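Two complexes, one shared chain (chain A), two partners (chain B, chain C).
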Partner chain A sequence: MASLIGYYSLITGLLCSFLIIFFSLNNFNRSDILNKKIVYFTFLQFFLVVVSFFGLILSFVFSDFTNSTVFNHSHTTKPLFYKISGTWGNHEGSLLLWLLVLTLFIFLFLLESKRQPIKYRLLTLLFQQIIIVGFFVFIIKTSNPFSYIFPAPKEGLGLNPILQDPALAIHPPILYLGYVGSSIIFSSALAATTLNYVSKEWAKHVKQWVLVSWIFLTLGILLGSIWAYYELGWGGFWFWDPVENVSLMPWLALTTLLHCILVLEKRLILTSWAIILSIATFTLSMSGTFLVRSGILNSVHTFANDPERGLFILIFLFSLIFLSIFIFLFFHKNENKSKNSFFWFSKETAILINNWFMMYFLSVILIGTIYPIFLEVLSSEKISVGPPFYNKLILPFLIPFLLAMAIGPKLNWIKSDLKNKANLFLFLIISLLLSIFIIRNLSINFLVNTILVTSALYLFFLTLRDFLIMKIKNLSQNLSHFGFSLLILSILFNNIFSSEIITNLKIGESFQSKQFTINFKSVDQKNERNFKAIIGKFEIENNDGTVEVLKPELRIYNQPNIVTSEADIKTNLIRDIFITMNLVQNQEYFNIRYQIKPFMIWIWFSVLIISFGGLISIFKRKHEH
Partner chain B sequence: MYGRKVKLRLVFISLILVTLILSVYLIIKSLEENVVYFQSPTEIKALGEINNKKIRVGGMVKKNSILVESKDIKFVITDFKNEIIVIYSGAVPNLFSEGKGVVAEGFLNDRKLLLATKILAKHDENYMPPEVKEALEGK
Partner chain C sequence: MNIKILPTILILFFCLIFLIFYKGLKNSNIYTPQSYLEIDVPVFVLKSFKKEDEINSKDIFKHDQFYLLNIWASWCVPCRAEHEFLMMLNNNKKIKIIGLNYKDKFDNAKNFIEEMGNPYFINLIDKNGTAAIDWGAYGVPESFLIYQNKVIKKYLGPLNDKSYFEIEEIIK
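Here is the complex of A and B:
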């Protein structure tokens, strides 16, 4: 029943699109007032998608196995929370979530843009409707979440247990708000280009949308990363897996756009650049969806390998790209260029330099992600590109990037020179000495690491100083840059000072190292509703006499029949200790992995600080109005 | 005044070009150095010479071949035509078991022995790396 309602509201939602397009075209040349019907129908469309989405959630909650999506991804013994989150834990449901966010954002856009020119609002709506219609057709034609099975199976196939996790339950909605949120930026940039409205007012207006998507994308990536850290059992937070890369690429483009929009807003330069970035951000989000959904990349995100789906997204993606290139080339006029030149030593230059570096990082990741795919298609040779590639190409260039980030905000627009040179230089020396002191014992890559830590510390101190002497020109910027320095520092220290022990132990045995002894005390069994748990008990005796007890688990899920290991992690401000165990079939030995990871919590915390900076920026703007 | 502007623009454009060329060169060069090739036991047997580059070997874990000791784990990867012995000390993924697909990453000692540095995790039991599937189906 719920499925049926869901399906019909989906179809009706598509019909709304045509009405909206019709009314908008009608309204476009006739009147100076926005036809109220357009807003109503946009709301109706959003409402219908919500109904459809709730229809799917209800089918999951009541385990309606006549619905094939529910049958394939749910099970009666699954806890209610994961029944609900299972709604978007699969291909069909997650696309419905895409659509939900698409329609939500265009509705909010119409409400929020009342002060903007009416033609610009209508055109943005039209471009957004093109995307929305595309996704409606995609869902109804190739990935209908409401397809019917007869006769109804008694039991579902269950959800992959590693997806049954609180962080991963909210990761997709948050990530999508950022990912799909960039569609508004795309539509609005195309509309502004067509109408020649790329101006300071436009920049001011679109900046809020950039900030909103940016904050959600940042948080979404953070959640995914935290989940990978404790659930996948490797103890890392970023694997340079293609699936992670496709979320980092739009983030880089969006961050670049955010800075570029600032320049546009203040100085009305870099207009073409801002448009290209707006288009690129959404294109990258779409390509990410294509790569992940088409089955080309294999990962936990690959729900189904259906070539028809991949082909559809690919064709749709290319039509959007051609449309935007066409609009950009034919409508974009680059006027008043000569009026706004700037001196090489200025805030503009600093932002431009950072823009370039971010584009460089983006291209490195792009090539590393798609090169293996091309190579396989062309020569059927199979390769994988791992962390060394990225580390080598990205880490050295972080140095000038961080320094420009530290100095840039201190400069003035147009032409500047540095005040307090001695002061700035002093901080650089302090950072250098401190970093040499911190990593004096490191034997490998001493030089690169020292300089990296120095530049990160430099940014850290400069932003910190601005907080302390309360001379902050721009609180949100300072906070986000501070967060970024903290992030880089934590990642560096985490990389440099992590240590790990991997060993095979029988129950009762212990492993001794210089700093600690691991005692494998015992194993317990526990039966839960949808899994059986084997719980190990480990005592870690440190040389300073402290003892920590850790209890990692092995879980054997009954439906689907999968074994997962649950790490046990003890966190404090300085370090995490992290243990996982694994049992190899028919063997007495348990495979034990024990890791000491410094500053883990600061990695998560600094990303929160970065996005909090963005939040402040939004509210500051609201306040100014 | 005009001349200066043109000059500036020229400098600007050439700067972009140089940066572009430099970054493309850097990326390609380090791609060559850092990619890991995937091979099946049969392909390894046919290998001309053994270099010390990292490779990935995929296939099935042979039945009754896993042996766990306190320091390391030994097992045999087979593609049902040829096999290779793997010695590995490190963490094993959950779904590592006999008769299931596996990908081991590491360095070849000789054509019959791989010193693995990593065994790749799979996310569900029905999933098989496409490379393994292809290797097993016999191209």
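Here is the complex of A and C:
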């Protein structure tokens, strides 16, 4: 029943699109007031998608196995929380969620853009409706979440156990708010270009949408990373997996866009940058969807390998790309050359330099992600691009990037001079000495690591100083840059000072190292509703006498029948200790991985600080209005 | 002229990408993990059964000789089953069998060999199981066919008729 209602409201939602497009075109040249019907229908469309989405959630909650999506991804023994999160833990449901966010955002856009020119609002709505119609057709035609199975199966197939995790339950909605939020930026940039409205007012208006998507995208990536760390049990938080990369690429484009918009708001320069980046952010989000959903890349995100779906997204994606290229080339007027001048030593130059660096990082990741696909198609050779590629190409360029990030905000707009900048130099010396002190015992890569840590510390100290002397021109910027320096520092220290031990132990055995002893005490069993667990008990005796007890688990899920290894992690402010155990086939031995990972919690915390900076910026703007 | 070149290049570029992705869709995308082929032999230093001093992996493997590294233990039941195949292989002069005795008591291992026969050219002792991890072993027994310092074939589980004939075929 719920499925049926869901399906029909989905169809009606699509019909709304055509009405909205019809009314908007009618309204476009005739009147200076927005036709009220447009707003009503936009709300109706949003409402219908909400109904449809709730229809799917209800089918999941009541385990209605006549619905094939529920049958394929749920099971009666699953806890309620994961029944609900299972709604978007699959291809069909997640697309419905995508559509939900699309319609929500365009409705919000109409509500909050009242002060903007009517043509611009209508055109943004039209471009957004193109995307919305595309997704409606995609869902209804190739990935209907409400297909019917007869006769109804007694039991479902269950949700992939590694997706049964709280962080992952909220990861898709948050990430989608970021991904799909960029669609508004895309539509609005295209509308502004067509109407030649790329101006300071436009920048001011679109900035809050950029900020909103940026915050959600940042948090979404963070949640995904936290999930990978706690659930996958490899002890890392970023693997340069293609799927992670496709979320990082829009983030880089969006961050660059954010900085361009800031410049554009102050001075009418970098307009082409802003438009191209707005287009790039959304197309990168779409390509991400294409890459992971078509099955071209394989990962936990590849729900179903259906070439028809891939083909649809591919054609849709490229229609949007060609549409934007067309609009950009034919409507965009280059900004006046005289205004376009940059003084070499100014804030906008620093921002421009770092934009180029971010574009470089973006290209590296883009190449690393799609080159293997290209190579396989052209020469049927399979390669995989791993962390060393990214580390080698990205790390050295982080140094000037961090330095420009530290100094840039200290400069003035338009023109700046070197007076009163002596203390900046002093901080650089302090950072250098401190990092030499920290890295002194490290034999490999001493030079690179020292310089990297120096530049990160430099940014850290400069932003910290601004907090302390309370002379902050721009709190949100300072906070986000501070968070970024903390992030880089934590990642560097985490990489440099991590240690790992892999050994095979059986119950009662111990492993001894210089700093600690691992005692394998016992093994317990536990029966949960949806899995059985084998729980190991390990005591870590440190040399200073402290003892910590860790209990990693092996879980044997019943539906589907999969064994997962749950790490046990003890966190404190300085380091995480991380232990996983795995079965060694046909034996009483367990394979034990014990890792000490310094500053893990600071990685999560610093990303929170970064996004918090964005949040402050939004509220500050609300306050100013 | 300038204005027309840029759009053409852009559009051609994106058309190319479209075509490549389109072809990529048709390709089989079932991920097959790279098998453990053509991987260099791990470097190790281990004690052997005969002598107390440690043996370096460099001293064992000659370039133009086939080797079979067999991970075994006296407590491992399938190892007993595969032992006859190792004995048969040992008759072939083209291949030398190296044992890696995995997490075993020395006396038990010795008894095992005395009882079942010794096919091993050298028997290495891996008391705590770390050397086996370097080889990427999943369990016992497991065998690695080595030629020119590369692992050319990996056998999980006990050897049987099929794998025995395959090895004989390869070393011909």
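Criterion: the second predicted complex is superposed on the first by the 622 of 625 C-alpha atoms of A that agree within 3 Å, B and C clash if a C-alpha of one lies under 4 Å from a C-alpha of the other, contacts with A are read in each partner's own complex, and residues count from 1 in each chain.
The rule we apply is simple: contacts are C-beta pairs under 8 Å (C-beta built on N, C-alpha and C of every residue); 3 or more make two chains touch, one makes a residue touch a chain.
These numbers were taken from a predicted model, which means no experiment stands behind them.
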item: Combined model on chain A where chain B meets chain C, clash or fit; value: clash
item: First (chain B), second (chain C), both or neither touched by A:562; value: first
item: Which superposed partner A:373 touches (first chain B, second chain C, both, neither); value: second
item: Touching partner for A:310 - first (chain B), second (chain C), both, neither; value: second
item: Touched partner set for A:386, first chain B, second chain C, both or neither; value: first
item: Contacts of A:18 with chain B and chain C, given as first, second, both or neither; value: neither
item: Chain B versus chain C as contact partner of A:619, first or second or both or neither; value: neither
item: First, second, both or neither for A:325, with chain B first and chain C second; value: second
item: Greater residue coverage of chain A in the superposed arrangement, chain B or chain C; value: B
item: Contacts of A:232 with chain B and chain C, given as first, second, both or neither; value: first
item: First (chain B), second (chain C), both or neither touched by A:290; value: second
item: Residue range of chain B overlapping chain C upon superposition on chain A, of 5-13, 23-31 or 59-67; value: 59-67
item: Chain A positions touched by chain B in one structure and by chain C in the second; value: 298, 382, 502-504, 584-587, 589, 591
item: Of all residues in chain C, those that touch chain A in their complex; value: 6-7, 10-11, 14, 18, 20-27, 29-31, 34, 76, 78, 103, 128-130, 133, 138-140
item: Chain A residues within the chain B interface of the complex; value: 160, 162, 232-234, 298-300, 356, 360, 363-364, 367-368, 371-372, 381-386, 388-389, 392-393, 502-505, 509, 554, 560-565, 580, 582, 584-589, 591, 593
item: Chain A-touching residues of chain B, taken from the complex the two chains share; value: 19, 23, 26-27, 30-31, 34-38, 56, 66-73, 89-98, 121, 123-125, 127, 129-131
item: Residues of chain A defined as touching chain C within the complex; value: 290, 294-298, 305, 307, 310-311, 314, 318, 321-322, 325, 329, 373-374, 376-378, 382, 502-504, 584-587, 589, 591
